[in-house]
Each structure stands twice: as structure tokens, then as C-alpha cells.
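What follows is a set of structures to go through.
Two complexes come next, and they have one chain in common, subunit A, joined by subunit B in the first and subunit C in the second.
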Partner chain A sequence: MVYRKRFDGRTDEELRPMEVKANVIPNAAGSASFKIGKTWAIAAVYGPRELYPKFLQDPKKGLLRCHYNMLPFSGSGERMRPGTSRRGQEIAMVMTKALEPVVDLSAFPNAVVDVFVELPQTDAGTRCAAISAASIALAEAGIPMKDMVSAVAVGKVDNKIVADLDYMEEHVDEFNPESKGQPVSDIPIAVIHNTKELTLLQMDGEISKDDLLSALRLGQKAIEQIYQLQKKALKERFVKE
Partner chain B sequence: MSEILVKERDIVIPGEALAEGLDYLPGDNTYRENNQIYSKVLGLVNISGRVLKITPLAGPYVLKVGDKIIAKVIDIAMSGWRVDTNTAYSAMLNVKDASMRFIKKEEDLSKILAIGDHVVVKIINVTSQNLIDVTMKEPGLHKISGGRIVKINSQKVPRVIGKQGSMISLIKTKTACEITVGQNGLVWITGTPEGEFLAERAIKLVEEKSHLEGLTDKIEKFLGGN
Partner chain C sequence: MIANKETIMMLAAQGKRLDTRKLTDYRQPIVIETNISWTAEGSAKVQIGNTTVMAGVKLSIEKPYNDTSDQGGIMINAELLPLSSEEYEPGPPGIKAIELARVIDRGIREAKAIDLHALCITPGEKAWFVIIDIITINDAGNLFDVAGLAAMAALKAARFPVVNEETGSIDYKNRTDKPIPLTKEPISVTVYKVNGALMIDPTVEEENSYEARLTIASDNDGTISAMQKGGKMPLTVEEVGQMIDLALERSSFLREELNHQLKN
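Presenting the complex of A and B:
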């Protein structure tokens, strides 16, 4: 199979339609909702607050702790086992590492800032949506940050380098076992806006070096759109009426 | 060549460039990198001469020496009380700072302040590790009895108080309540049950609409209609 046109008719660098909002959870210090296509992440930030168990406390700076959870009905509708999973824990860890470089918690020794991300609906690209949402929620909570972090997935489907893969695209090689095409590569990236540094770079599948570099270039371009929406959501929050 | 990229009272997000060149200086909540000044928090731009500052729109209460706060007694130690400050850090109220009168060594501290009591205290010391000492030994500082405690965002405290206390005295006179605002975002209201209820709603309204202009008039209308 040769993948000429994307399933949903997007161009190669086009992202799925996005809807971004800040302050969706009044109880939290900061919160955000980030929808990209059918993927939907809700982030809530609490703290800085006291950190227990005590051995986790760091007297030099506060701790950033992320939680990632897909709701049981979030995927295809097949009920998933609720609660933490190995996958969820790993994603929470990469989220923390993606956000840590921008967050400055030196003013809050021994304390913790908790970031909770729940996904009511998922269609690939959840860790990217989670990071983008968490970044808005942290900013809205007034946590000192050097910059914003935005995230998106890029990859290669058959012979095409595309941005923001959905579930169908990620699994083209599985849906059509007859296909003699190349394996799909799916590369989630997170970028610090001003410096363009990558804080998250993972991959499933296979890709050549040249293709990887052009995929990353495509990602850097696509990510600007996400940043603009994050910025708009944060500013809209305070200009009402 | 230096250039300011934002206007006074603009809303900026973390990482947004504020100015270019070395003629401007990074003030509170900003940082300089590669010849540019960036914001470090979500807030409003404040330009004072060559210094660029950001007034945060949200964020945790930062403990400051001299601030009057409302705290809750959470534990009793050998030589004083541990109080919760509504932040990530608890504070110590030493026996010698607790009362004008002399407290004898063998006295039962829980008779003076019990666990769960609220107190109006002043911060007298904050260390680099955010260990805090507070005092209750000044006029206006006391144990709280009766009334109700309302929690608001600590960044909104200046709006609740208003210019020269205009907002708070308006609410006080209209509801005939006694109100004490702690810098940490706890507000103590005491008066008639109806008055307390009204004052609480007015304070919540201020918190919600704090970024709008002409807020005092809105609150006056809200309180006048009742």
C-alpha cells in the first residue's frame, strides 16, 4: 500500500482541529483543557504544598510531580482497567522530564507541585496533549516558568512524513497485514518555545536519519501553532466581559 | 538599539519577550537571556523607568516578613505552637511571642491556644528554607473566636482591601461586619449571620471580578441592592 492521501484528508504538516482552554477546574490552582482531534486532555495543578512522604523532600528546590491517567472508556470504547499502569507511570515520568527544564521551583524548598492529567477520550498523541495542557495549567497556577512547552507527534507513515498522527495512521501497518509498506514511525516531541530545545523525544518504529531530521523540522514548524493556541488560551482567561 | 516589545498593563505569559537590548533592566519575575528580557510568570507588565517588572495574576502566596496573616493551630510543641499558614510551609508561634503576659513554664499550652484555633499573627522571620516565625504580641493580633473564615486567592488580597482600604471599608460599613484580611488569603468575618453571609458573597465577587475596572462601584451596587 502506498499512503498518498491522509485518512482524514489533512495535508502533511496540518494538525487536527484544536480547542484549548485555561481554567476549567475552579478548585485547582491552575487548569487547562487541550483537545486535538479526538484526543482530549484535562490538566489540573495543585500546590506548591507540603510533600509527604518526607524522604522525597528536596531542601534545595520543590519537586514537580506529574500524574497521567487515561479514563477506562477513553480509547475505542473497550473498557480499560482503571488506575495506574506501567505505561501511565512511564508517561508521567517523561512528562515530568519534559516540563522540568522550564519550571523554576527554587523558591519552594521541600514542597511539591502536583500536575494531574486525565484523558476522557484518546486517539493517539496523548502524551503530547498532556504536556501541552500541563504547561498551560502550570502557567495559570502562577508557577515561575522560564518558558512554555508545547508538544506534538511527528512520524513517517509508509513513505510520507506527517505531523500529528492519529490512531489509524499509527497502526496502518497492523490494519493491513498484506501491506508491504515500511513500518510506521511515531515520534512524540516536546519543544521549549524560545530556544527550540527538545525536552521530549521518543520513537516507535523505524526511520532513517535523513527522514528523522526532516520529521523534526516539520515538528518544529507545526508546534508553533500549538504555542499560539496555548498563549491565546492563557490571555483569554483574563480578558472577559 | 533597545526596544520595548510590550505595553504597560499588557498580559504576558511565561517566556514572552518583554524587551530587546541592554538599556532595560529585568525586575521582579523576569529574566535576561541572549540580550532579551523575558517574563517568568503569567502577569501584567509594569514599566517603571528602565526596569521591567511583572505583577503576577495568579500564584502561591510568598511569605514576607511583616505580613499579617491568619493561621490555624495544628500542633503544640514544647515551647510553642505550630500553625498552618495556608501555604506549603507551617510556622512556629513561640510562647514568648504569644502573649503580652508571662506564660509560666509549667502552664498547659492547650489552655491558651488549642489545636484547631485560628489566630491573627504577624510574620517576624523567614529563612531560606522557608522556616517561619510568627508573633501575636502586637496590637491587632489575637486569637479568633466566632465568625467565619473565607479562603480567597492570595493574589487577590490587594483588590479585596482596595486603595487605602476603600473596598474593605465599604463592605464593612454596608454589612456591619468586622473583617480581618490575612495576606495569605484567609479572611475572617464576624457580625450578624446575614451580614456575614453578605460579606462573604461580596468578597467572593471581588475575587472573581478582580481584574475589571470600576469594581468598587459594582460591589456598592451589589451590597446596596440588598
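Presenting the complex of A and C:
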């Protein structure tokens, strides 16, 4: 029992303060800004538009394609070289898989819907912020969706199961000397709001099966806070008109 | 709104624009925010009309170049993000992004706006290098001026990180209150020639209708530090003179906006 209180004083299932807005990029079909703590994702949706190269086209339905990029000045250390990274490509792929189950592109054969996510600043939880932002942007663009997807990381920090880990919690043994050698697990999840099904599940660190299942349940509950803000952002966007 | 080239050119000759602005007016609002990214040593988001650009400054300690062993250095990179316009695709910077970065680089470098000698820590061994990344959030025209303003705002907002005295490594999580040694504030204004008329701050449609453009970077006392002509058509010396007069007048307007908004 070492990590009793969270560094920033949050309760176990409390997320960092959020700021969520739809329609931040006039050129895009849909867009959103999603800030959670010091992590900030901006998403823009372009399309449906014709897909090139042509061999990628599917005559039965459109293709959803996500892109994820940390801006060169968004890392907490030195400047990051711009351009594609293996990490970025993998995150883009799991983002696409996280959103595909709720998106219906059968009305757009041979087309592509591109989702671009850029991060101006980061403090852990970037893929989850990216998915939560992308989901709002897709909805704002009017892409047929059967539900919203919201995402957050859960995990075990020392002995505590918590939601929305920040950088300090992911690296707890650097910041809390008493936690030296204690395993940390980081489990980003994305959840379909109505069915509570998981569309993103990754994990690294060490955790028992029982703790994992309680972490997932905590996540399903905590994620409601994100869903409410996503819904609010979309309402604010469309009620005016 | 029908925004075809002929309409824009016809209106320009009469001193008019589709959005009813005067030819020499910048769009509104002009919003300059700094410290928008906690991970950058300095950052800014600048919006003029619907065009939004961010700039982030990162500082690092490197070995000085051999021919300037008692100076630090600057590097400016620009990316036209596919998030910011349907025209842009993922991939390495194309010629438009390269030109943008290099024009802004020259405006700052050639004005000697940053005192590179003051960036030197140990001659021949260690000096500060300033890297400015400019990225587009929404391209609705006139990236040159908006990006130049964002770069200056981010430079002005930047503070050096703490350096661990024993190891010499940078502690990026902690900042001093020491700003970047700026001696001048070069501001870029791009003047477009559309059907013979001179125009400022074009929209994307207007950018598709110009004959020639001239970007002019100038500092507080009107000294020009860099220029770049673009477009297919030539310019006479008289036209260049008129374009400079207009650019100098408009640059003091932008400089006032910058200093006024950074104060608040």
C-alpha cells in the first residue's frame, strides 16, 4: 500500500479536467478539439471523397482511414522529428479499428473518409484523446454512425486501480521513490456508449486477471464523463443553427 | 458565393472584394494567443479571419557550426497539415511548405532578430539552437503573414529551460524566466497584385487569382530584411516601390496587434 493518494489528488475514477469543442476547423467536414489534462488532440474529418490509389477502393463501401501525429513540439523532452513513425502508424491503425464498428460507410462505395488527428501538447493518454476527438469530428461531419465511441486509459498504479493515467502515474517509480520496482499497467480502452463493448484494448505492464477485469469495469464507468462532454460539444455545435 | 477568378479580378480592378473588405484590410478577427502548448519552450496560435496557424519553439544545446563557432543557430520548419485543408496530403513537406519555412526563416535570420552570439555557451563546443515548427490548422489563405506572426509570437513567448549544471543536460520540464535574446521584431507582409490592383491578406480564392506577389519582412524602423517574389507575372520597379510602401504601413499595424495582444 504505497500509492495511496493520486499525485494530483483525483479520486480513482476521476478523469483530468476536460475541454471539448466541436467545429474548430472550418475547412473540414467535421472537427473537434479534445483536451484532457495537459493532453490535447485536434481532429479533422475530410470526405467522403474519392480514394486513391484506385486499387484500395471497395465497390461495396467506403474506407475509414485514421492518421495520428504528434507535433514536433508536443513531446515533454526534446523536439521530435516530424514525419511518420512506427508508433504513429500503429496508433492510427488501432484508432481506425476502434471507430469502424460504429461507422457505416456502405452509402459511399469507392470513397474514403479521412480522419486526421494532431497533438499540440501531450501528457499521456494521447491515443484515447485522439479517438474521443475523432468520434466527435465524424459525428459533426454527418458520417452515418450508430453510436459514439469514447476512450480513456485505465490501469494499476502500484496497488491502486485508476482511470486516466497521466505521465507521472505511468512512470510512478520515477516520481514516488517508495514505488520503486512496483509494476504499473497501462490499459487504453475505447467503449461504444450504449453496448459498453470495447473497440480498443491494449495493455502494457503487469496485472492479474482479476485486477484487469476490475480496471475495465472502472473504465466503462469513468468513460461516461467523456461521453457526456462529447454529446454536449455536438449539441452546442448544432443547437445554434 | 461564386468565387471564380474572373469575378475576383474584375472586382479588384474596381478596388472591391467578394467579402466587401478594402483591398488593404486584414480579415477579422486577429487573435494572437501564446503558451498554448506546455511542451514547447514557446508557442503561439494566430488566427487571421479563418486562417489559423500554430508555432512551437524548441530549444536544444548543440555543437556550433565550424564557421560560426561562437554562435548558436536557428532552424525553421513548416508543415502544411492535411488536417488544415483538403488540398494537403500526408507526407514530407512539398515545395509550398519549404518556401513558406524558408521565407520566414530569412525574415528572422537576416534581420538578425535573434542575437545568435548570445546563444553561445562555450565557443566551439556548446550553443543554444532555436527550432521553430510552424504548422497549419486551417488554411483559408495568406499563410505567409499568419505564419510569420505566429513565429514571432512564439519566439517572444519562449523561455529557456533549466540546465542541470552537473550533467549539462536540459531539464525540459522546468523553465527559467529568461527569454530568447531578440533584438528586433521583423514582421512579414505579403502584397498581391490582382488585375493590376494591390491587395493584402487574400482568401484561398483570391490566392488562386493573382499575377504576382511580394513578401516583405521589415523591422520596427522600416528596414527590409527579406523579400520573396512569387507568381507568374513580372513586376516593374515602380510596382515594387508601391508594394513596399503598402507592406511597411501594414507591418506596423500587425506589429501593434502583436504587442498589444501579448501584453494582455
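In the analysis below, the second predicted complex is superposed on the first by the 229 of 241 C-alpha atoms of A that agree within 3 Å, B and C clash if a C-alpha of one lies under 4 Å from a C-alpha of the other, contacts with A are read in each partner's own complex, and residues count from 1 in each chain.
The rule is simple: a contact is a pair of C-beta atoms (placed from the backbone, for glycine too) under 8 Å apart; a residue touches a chain by one contact, two chains touch by 3 or more.
In this text, all values refer to a predicted model and were calculated from it rather than measured experimentally.
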| item | value |
| --- | --- |
| Contacts of A:Ala107 with subunit B and subunit C, given as first, second, both or neither | first |
| Touched partner set for A:Gly75, first subunit B, second subunit C, both or neither | second |
| Touching partner for A:Phe116 - first (subunit B), second (subunit C), both, neither | second |
| Subunit B versus subunit C as contact partner of A:Arg49, first or second or both or neither | both |
| Touched partner set for A:Ile25, first subunit B, second subunit C, both or neither | second |
| Touching partner for A:Thr11 - first (subunit B), second (subunit C), both, neither | neither |
| First, second, both or neither for A:Gly83, with subunit B first and subunit C second | second |
| Footprint overlap on subunit A, where subunit B in one structure and subunit C in the other make contact | 49 |
| Contact footprint of subunit C on subunit A as seen in their complex | 24-28, 38, 40, 42-44, 46, 49, 67, 69, 71-79, 82-84, 114, 116-118, 120-123 |
| Of all residues in subunit A, those that touch subunit B in their complex | 29-30, 47-51, 59, 62, 102, 104, 107-112, 139-148, 192-194, 230-231, 234-235, 238-239, 241 |
| Subunit C residues within the subunit A interface of the complex | 36-40, 43, 50, 52, 54, 56-58, 60, 77, 79, 81-86, 90, 92, 131, 133, 135, 137-140, 170, 172-173 |
| Residue ranges of subunit B in contact with subunit A within the complex | 11, 13-17, 29, 31, 33, 38, 40-43, 56-60, 62, 87-90, 128-130, 155, 211-212 |
